[in-house]
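Chain naming follows the written order as A, B, C and D, and within any one chain the residues start at number 1.
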Amino acid sequence: MQIGVIGAGDHDLTSDIIALAEQVGEGIATEGHLLICGGHSGVMEAACRGAKRAGGTTLGVLTGYDKSEGNEYLDIQLTTGIGHARNVIVASSADVLIAIGGSYGTLSEIAFANRLGTPVVGVRTWDAESDSGETLLMERVDDAEQAVKTAIFTKR
Amino acid sequence: MQIGVIGAGDHDLTSDIIALAEQVGEGIATEGHLLICGGHSGVMEAACRGAKRAGGTTLGVLTGYDKSEGNEYLDIQLTTGIGHARNVIVASSADVLIAIGGSYGTLSEIAFANRLGTPVVGVRTWDAESDSGETLLMERVDDAEQAVKTAIFTKR
Amino acid sequence: MQIGVIGAGDHDLTSDIIALAEQVGEGIATEGHLLICGGHSGVMEAACRGAKRAGGTTLGVLTGYDKSEGNEYLDIQLTTGIGHARNVIVASSADVLIAIGGSYGTLSEIAFANRLGTPVVGVRTWDAESDSGETLLMERVDDAEQAVKTAIFTKR
Amino acid sequence: MQIGVIGAGDHDLTSDIIALAEQVGEGIATEGHLLICGGHSGVMEAACRGAKRAGGTTLGVLTGYDKSEGNEYLDIQLTTGIGHARNVIVASSADVLIAIGGSYGTLSEIAFANRLGTPVVGVRTWDAESDSGETLLMERVDDAEQAVKTAIFTKR
């Protein structure tokens, strides 16, 4: 199973979010699944670090053409060169996405997942409502363990 | 100026939303600006119809390779073949976006615009908040006339 | 009709190639067609300059997110952010392509056009043959006037 | 190391080309490298079959959103939804490409690899020359064993 992890890429995240991402990555690897992400720092790097600690495999879908863009815990690096449009690839390729916190890039991935039918599990992430009453299609959980369990269970 | 119009592509929209989109398209054309959109039906088609009625120019950024995918009010058709990733092109190429209602695709475009710095004017569209308190960056207005005026004013 | 012009983007092209591109752009505009290109310098800029001199309309499909990347003769700028993958958009969106000289980027566009069924008219450009005997699908002409006439005639 | 294999996707290839692709895939796996390809049938499927027979790992970069598009020998499936533009991802993500035969899609990948600086090893594939004398940047070899050895040696 290919499990995607999405969240903010910047370095100044709270230690809570970083710990959560690491535990999610560790859980994905322990359960024997491939971790797919955007390959950058922040939540993505923390999840990959957790996955590698547990002996898992990680894949980063990068924005540019240069592998040095990826964090140091990636086993496989896809250099797409398509910029932020690579978010669609993460949202589509994952059998299920785990959203951890996140800013506008993460919101775009949740929206694409909802559009494409990829299930999403969210921890401390976006909430949204349209004027016509639509809301984000997402299973909301409280911690890393629930996130991984729910993700495996809600697989498309 | 290149003004983007985003919103749902399906045919069963309320007549209010359709009328709003037509008026927005008409306003963009009357003010002499190029209308950019995803080229499909629904809000996109209504906006293009309004723009053409006022003698404007319309450009559709399509998902596939076949121009027949576009609505009948497009002057220029870009067949990208990149699927939903074309949403990024609409969000990036517009000097300002006007969001009218919309579902998950529209939300992805607002999120990308917020990520890329493209100003967004919203009418009866999404509201969102992240766990860390971020909200959608958007000028909210009530009608088509305000939408067009605000869009021209808030240009990047 | 949307006519694409493809060719090298660097500045140190021969004056012959630059003159050819200008004449092609001028011809496209004189015949009342939209010129689509990659929006950069070199052949693209020369073609746009020729088109603007003749009162035409030009559209650049740029690689990045910043409009300043485009040459100064563009009326419409699509900032795709998808890098070299934008070559597919040029090859697909044009009703017919005119290839003028060109390096590897141009070859990728001819190959995509051949794959997608977009007719190609070539002036002093690539020649290729596969091991199984396939060759580039292209009408070869000798000057700008023939290029524009042939392009309009061979429209898909 | 990530080794890309490119070639035609149709089913009516000669048995020679299919055998060659299988041997190349087998060689890549035997040497412990990841095989990246477009994930379709033909040369891509044969290479993946060879790699799996030798216990290797295979990754397909698909054109659409549906994993059923991929051949049955893929371990990892990236569903990009970006159509033929996914050729750029294959050409960019591979540390080195092995081109086996191939039609216009393959030519686009060789051209992108040449543009981006990805080394290419070719067996019975395209030959091309531009008007200004440029040729395809490619190490040409005669069989699968040489192809794999040369690929590993010419790594960027």
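Methods note: a contact is a pair of C-beta atoms (placed from the backbone, for glycine too) under 8 Å apart; a residue touches a chain by one contact, two chains touch by 3 or more.
Only a predicted model underlies this, so the values are computations on that prediction, with no experimental measurement involved.
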item	value
Chain pair, B-D or A-D, that carries the greater number of C-beta contacts	A-D
Cα-superposition angle relating the copies chain D and chain C, to nearest 5°	180
Inter-chain centre distance, chain A versus chain D - centres from mean C-alpha coordinates, in Å	28
Euclidean distance of C-alpha centroids - chain B vs chain D, Å	39
Multi-partner residues of chain B (at least 2 other chains)	65, 81-85, 88, 116
Interfacial residue positions of chain D with respect to chain B in the complex	64-65, 81-85
Complex contacts: residues of chain A adjacent to chain B	82-85, 88, 101-108, 111-112, 114-116, 124-132, 134
Chain B residues within the chain C interface of the complex	2, 34, 59, 61, 65, 76-82, 85, 88-89, 92-93, 116
